[in-house]
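Just below is one structure, and these are the notes that go with it.
Chain lettering (A, B and C) follows the sequence in which the chains are written, and residue indices restart at 1 in each chain.
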Amino acid sequence: MIIGADEVRHVAKLAELAVAEADVATLATQLEGIVAFVAQLDEVELPEGTGVTTVGPDQLLLREDRIDPIPMSRTAAEMAPEFREGFFVVPKLGGLAEG
Amino acid sequence: MSAADLARETGKRFAEADARGLNATLHWSQDVLDRDAALLDALPSGPLSGTAVALKDNIVTRDQPTTCASKILEGYVSPYEATVVSRLRAAGALIAGKANLDEFAMGSSTENSAFGRVKNPIDLERVPGGSSGGSAALVAAGVTVAALGSETGGSVRQPAAFCGVVGLKPSYGRVSRFGLVAFGSSLDCVSVFGKTVADAGRTLCAISGHDPRDATTRQVAPLVLAEGRTDLRGLVIGLPKEYFPDDLHPGIRAGCDATIALIRELGAEVREVSLPHTRYAVPTYYIVNPAEAAANLARFDGVRYGPRKIGPEGDLRALYRATRGEGFGPEVRRRILIGTFVLSAGYAGQYYNKAQGVRRLISDDFTRVFESGVDLLFTPTTPTPAFKAGEKTADPVQMYLADIFVAPASLAGLPAMSLPIGRDGGLPLGGQLIAPDFGEAMMLSAASVLEQSIDPMEEVR
Amino acid sequence: MTWETVIGLEVHVQLKTRSKMFCGCSTTYGEAPNTNVCPVCLGLPGALPVPNAEAIRLGVRGALTIGCAIHPTSIFARKNYFYPDLPKGYQISQFDKPLATEGAVAIESPERGAMSVSITRLHLEEDAGKSLHDRIPGMTAIDLNRAGTPLAEIVSGHDMRSPGEARAYLTTLRQLLIYAGVSECSMEQGSLRVDANLSVRRPGDPLGTKTEVKNMNSFANVERALESERLRQIALIESGGKVTQVTLTFNAATGEVKPLRSKEDSHDYRYFPDPDLPPLVLDGSWIEAQRSSLPELPAARRERYESALALPNYDARVLTQEPVIADYFEAVIAAGVEPKTAANWVLGEVMTGFNERGTFAVAPARLAALAALVADGTLSLSAAKKIFPELATSEEGAGEIAKRLGLIQVRDEGALAGWVDEVIAAFPDEVARFRGGEAKLVGFFVGQVMKKSQGKADPKGIQPILMGRLNG
């Protein structure tokens, strides 16, 4: 088994996703099923020098250095769940270090 | 017909679809329709004048909400408009409402919407396919003749097949993604539904072309349709044997056999070919896509927009976890967890890097076949006709396998489309054409010839 | 037994562009919060990044300036972590395929003299916004004006062996990047930021466990912080403890470093290539064009001042410290002033004023005119130095000011003879001693004549008259 309850909790923490303890076991089973399914790729031998697929253009097109912001019909203040004195506001960082 | 008349007519049809309980639309308003129509009537006509086009609700609009069928974006109205929407307006189209979808386009049945499942207009007990099920249902129900959906791994072709309409995914880089809420960025394509091949084709022409706001669009001119063909003479159509397994649904097989016979009658050379890595497409897809999705969905954190929830600890982490934990539905949460897992320390090489390599092999399979003189591939779009609601919701992997014939072209970035090829027990069947990179014009002209020779209502067995 | 300190630095510099790295928002510093924002840098749903050509160009020029090899293909990647001033939940940065690697910077170590610091890599990335933890009581305030500003991160090898060497490296690096026009490199405005890694070991031992020091807001504080951390680690080991890998923050008020709360899990950044950005492919001939159009760098300029202009090493070093000063100096020469004279002026009066005001108050041509009056004997050097500040505030030319202030040297023989005669009359004893053979008293008489003339007499005119009278 690759994904157990601990892995679910660890990955949920990395993804900042609350997962109810009651759901952990079910999720572990489902994720294990998915991981077992994608593990089919283990049987594929990648020939030496296999690149990765790039879709879209082969190279990056750049834009000119001009001040040309995309206009917005609503302001940051209008969209924000909490906005004070010109700032987005969030609770203190708690478990996330400052800096 | 004036745009004002079209707006009234379209509103009436939306209301009828609502009354049937299709649940295909997340937002539409007669006011917005009328206002847009007034603007259109004041402008010279364009290639899409007189055409109402519905939008999948993961394409951002300024005057209507964009929710991606997720509670995490409930009430969100974008302050800017997607490039494809501006291009539709410029072509004279009437923007007609926002269609329901699987939450953040994650699903194959449109049962994952936070705002309820979409019903297949052909059989209300069945799913319309997904994730663009709302757009497909609106076109199938005759509410609009065209609709925009989005494809990441078949999310337009598969519902087109289930609902008996035309669905076309363009080449990656043909159409701007600016304003399409990102899901799997290296796979995402704004795609089109049409009542007919021509409806899909002209809608695609209007939205195609390079966009300076999307660095992944190619610097090519907008698509122009080829002169109409009357037959398929001179074309070589490949039949990849991996798409016709022994256990293929007999109705699908019968439909494909009839179409293949027709392709021969119309003068094309039919050739069996092999795409040996086909069976790895779905597992590859379910690594690449969740990895990209997990990163793309990190921005929904309750800081700058959207609803905010805060857990009992009251700190920032409690805000993140509650906003995201409560805002995302089960399939989205699963994909975020899988995507985070396959990129996490110690696993990236085994999963993500491996999948990128296999993706290359899948793409090379197509290149080899097209370089051998094959012009187009013909395959079934789906392994079965539309299944019943609830039939596959318990097992994510069974649901994922519904995309087995559509995922490969998405991974390779190739243009592909589904068109109706008949019915089995009253349910629509879809046949798929896959073309070389940027081969949409040839694919559409061939599809148009087939369309004229196929009765989509005919029972295939 | 002695300890060896091993230091490596990560320097972030803001590239001098008008607009942000991936969107058209202005990079202007100090605007009202959350006003230079758009869908892209706010991380709104559906927005996509498009890179700024000028940021790429400046990154390449910066990399060439510090001797790096530019990679023809580099890749932007997503660095995933959650933080409220990181709008997308990932930072677009370069990871395993950076823009440039393997450079070197020649520095003057205070302990070891001339040495080279290797540059491991230079990569491009976007900045995060600012989190203000004391702006709103009990809450964290977020300003996203800075989010998306283009940065180059320059990672040095672990080549420095003292806090002083670290400072010398930073001073040189800053000078180079300013010369190349890549960045303003202002620590106050945050356009240059430094993170340091430090470990200690017994000479010859393998590397010790390193710690990371952040939050140093000046080069002097980098030196202080590293000194403090060095001593902390040595004391810890000598008392039987063990250094653990930790991130520390420097408190400038106390001069101490303190551990930050640990960022759990934050080091699993889950990098992968950003699918929104195809590979950055740079044409070889374009890279060469950038290389050949780089301005003359400080070392070359210093060398030229010493060899072609025959300036002492000290003068050449100070003049080339900042390109604006060297440019000013060269403009003064171009206006006709002899190099050593120009250097004396620039290193003296000009730099004093520049350091006070941050600008040059006297145009090079006006300084040259003043210097010419000294050269032709119209003004004494001390008179000219009195005139220099007037040139900054007045519209008048040096000659007019000299007249107005009565500073023109008197060369009229009658007037000079009058002062000489008065001096000879006033000092009969000294005259007698001179005539008795004390030749060195000439200086005394000249000084007395200057005094009598209130500094206006031309010393060169005094001498012949004085000698005539004394010997006559």
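The definition used in the following text is that a contact is a pair of C-beta atoms (placed from the backbone, for glycine too) under 8 Å apart; a residue touches a chain by one contact, two chains touch by 3 or more.
All values reported here derive from a predicted model rather than from experimental measurement.
A comparison of the A-C and A-B interfaces places the larger number of contacting C-beta pairs at A-B.
Taking the mean of each chain's C-alpha atoms, the chain whose centre lies closest to the overall C-alpha mean is A.
Comparing the centres of all chains, each the average of its CA atoms, the largest separation from chain C belongs to B. Between the CA-based centres of chain B and chain C the separation comes to 56 Å, rounded to the whole angstrom. Mean C-alpha position of chain A lies 41 Å from that of chain C.
Measuring from the averaged C-alpha position of chain A to that of chain B gives a distance of 22 Å.
Those residues of chain A in touch with two or more other chains are numbered 10, 14, 16, 52, 56-57, 60-61, 63, 70, 72, 76, 88, 90-93, 95-96. Within chain C, residues 39, 42, 47, 50-51, 82, 84, 140, 142, 144, 268, 270, 277-278 each touch two or more of the remaining chains. Along chain B, residues 76, 79-80, 186, 212-213, 215-216, 294, 298, 301, 303-305, 316, 320, 340, 344 each make contact with two or more other chains. The touching residues of chain A, counted against chain B in their complex, run 3, 7-8, 10-12, 14-19, 27, 30-31, 33-35, 37-42, 44, 46, 50-53, 55-57, 60-61, 63, 70-76, 79-82, 88, 90-96. Of all residues in chain A, only 10, 13-14, 16, 52, 54, 56-70, 72, 76-77, 84-93, 95-99 touch chain C in the complex they form. Taken together, the chain B residues at the contact with chain C in this complex read 59-60, 66, 68, 73, 76, 78-80, 82, 177-182, 184-186, 212-216, 291-292, 294-295, 297-301, 303-305, 316, 320, 340, 343-345, 348, 352. Contact residues of chain B toward chain A in the complex are 62, 76-77, 79-80, 172-173, 186-187, 212-213, 215-219, 277, 279-280, 282-284, 286-287, 294, 298, 301-308, 310-311, 313-322, 324-326, 328, 333-334, 336-338, 340-342, 344, 351, 354-363, 395-397, 400, 411-413.
In the complex of the two chains, the chain C residues touching chain A come out as 17-19, 23-26, 32-40, 42, 47, 50-56, 82-84, 131-133, 135-136, 138-144, 214-215, 247, 249, 260-266, 268, 270, 273, 277-281.
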